[in-house]
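Order as written gives the chain letters A, B, C and D; numbering starts at 1 within each chain.
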Amino acid sequence: MNAPAPHRFALRVYWEDTDAAGIVYYANYLKFAERARTEALLVRGLRQTEIRATHGVVFAVREALVRYLAPARLEDQIVVTTRVTAITGARIAMEQDIHRDGTPLAECRIVLACLDAAGRPARIPAPVRAALGPLVAHP
Amino acid sequence: MNAPAPHRFALRVYWEDTDAAGIVYYANYLKFAERARTEALLVRGLRQTEIRATHGVVFAVREALVRYLAPARLEDQIVVTTRVTAITGARIAMEQDIHRDGTPLAECRIVLACLDAAGRPARIPAPVRAALGPLVAHP
Amino acid sequence: MNAPAPHRFALRVYWEDTDAAGIVYYANYLKFAERARTEALLVRGLRQTEIRATHGVVFAVREALVRYLAPARLEDQIVVTTRVTAITGARIAMEQDIHRDGTPLAECRIVLACLDAAGRPARIPAPVRAALGPLVAHP
Amino acid sequence: MNAPAPHRFALRVYWEDTDAAGIVYYANYLKFAERARTEALLVRGLRQTEIRATHGVVFAVREALVRYLAPARLEDQIVVTTRVTAITGARIAMEQDIHRDGTPLAECRIVLACLDAAGRPARIPAPVRAALGPLVAHP
């Protein structure tokens, strides 16, 4: 069985993303990854603001790993690919790779937890589970 | 004579842009305005990295005024319009308005200076002047 | 009558504050100014989180003007001075100047509005008015 | 043999650090960690701007892992502790823990590479090695 196509999100590197070393500041790759996660939900019709209003839950990052392979620079156009590698009752694991014209720049491994308003683990709402299912990569 | 159409740049509001008041943090509207300025040059084939390499100049903001009219919120799609109101030898004045579905959110008034590598005022390179000309709004 | 001493807040410039031009990114001076405003309240025992919980109001920036005079750079130690120039029923005007070893780097002119939970203008709580009074600069 | 005391760096959480969930945005913990690394060098008299000018090298993050344990909130005072766990010829590994009043908020595991101007691995300059030595935690 083929793996499903990952979600692809393209973005531009602006002055705000760079630092005095002339390259993208290391924390900002996590911003790029978050934008891609939000868009991966939006393209399936899921607004996190509505999920919070309807289901009373938010998604919080529990763990983030970034491996930096090559620097992105001002005005670069880069792409974030997002794969879901696991969904359990209250957690989602994702692989988010960032590249420019096929050159890998960074690899992110993200674990998200679904939390209720009190910050306790909560069951992932069915619509979110249904939306992310097609992104799950089975080995 | 009609004013030229302003440059339009659309963007999404992400978690990184918001703050604990639930709205876009006030400094981030200046990030949005800068993205729009960079795109207004790129759409005319001008990369600031190349301008710096070729002409030895960068553009620095000399003055920025922001009037905040209504808040932008998470997942909003907003638009930045950019008009050039004046170009002198070494300075460019711009009006950049930010709105969502026709609702004005913020008005930015930006003055840029063209600087050489030593940080001294420098003449705006002809290609930049030619590219921005069509954006100049004549009253 | 002498003007009161302004509030002084010192901070360091880190990598996150800089951009690929090797200097502090222009929007980040507004971050520095906000930090100074928060500290000017905290030094008088006022936490904005408590003000919101107790009085149901927040302070939102209505207008921000920044004049950029000289760039700050990585590892610089800079100081933000904060003066209150006017307090009306629901608005506060401030002058916040940023300098390094006596060299002026930026001048910020900020107008804040006191807003209730619905975003409507609200009367500035008495403790805030009392706390900021000593910062008011009378010409 | 006792482990050396880690470097401690205290900071305040400001509006810029928070997001619409009311807590510190996940990428910003990496900003806090970077500030602490810069201060750990500065307290030993090492400016990265001088290291770059003198030795022609910069430090780039190769890998960053963050485990998020509890959220930081607006106006919190938090502390970053920095321990060096290994120094090889061109790499430095660090443990940076973030806590508030003894409550652990986040754990960062950072691997830095020393790079020359061309971005190739370079030997860590002796003064940096000497400065970080006292932070090395031996099991």
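Here is the rule we go by: a residue touches a chain if its C-beta (ideal position, glycine included) is under 8 Å from a C-beta of that chain, and two chains touch if they have at least 3 such contacts.
Please read these numbers as outputs of a predicted model, since none were measured by experiment.
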Interface with more contacting C-beta pairs, comparing B-D to A-D: A-D
Whole-Å gap separating chain B and chain D, where each centre is the average of the chain's CA atoms: 34
Separation of mean Cα positions, chain B and chain A [Å, integer]: 28
Centroid distance [mean C-alpha coordinates] between chain D and chain A, Å: 24
Contacts with two or more other chains, residues of chain D listed in rising order: 15-16, 21, 27, 31, 34, 73-74
Arrangement of touching chains [line / ring / star / complete / other]: complete
Sites on chain C touched by chain A in the complex: 15-16, 18-23, 25, 27, 73-74
Residue ranges of chain C in contact with chain D within the complex: 12, 14-16, 31, 34-35, 38-39, 42, 47-49, 73-75
Residues on chain B engaged by chain C in the complex (per definition of touch): 21, 26-28, 30-31, 34, 58, 60-68, 71, 119
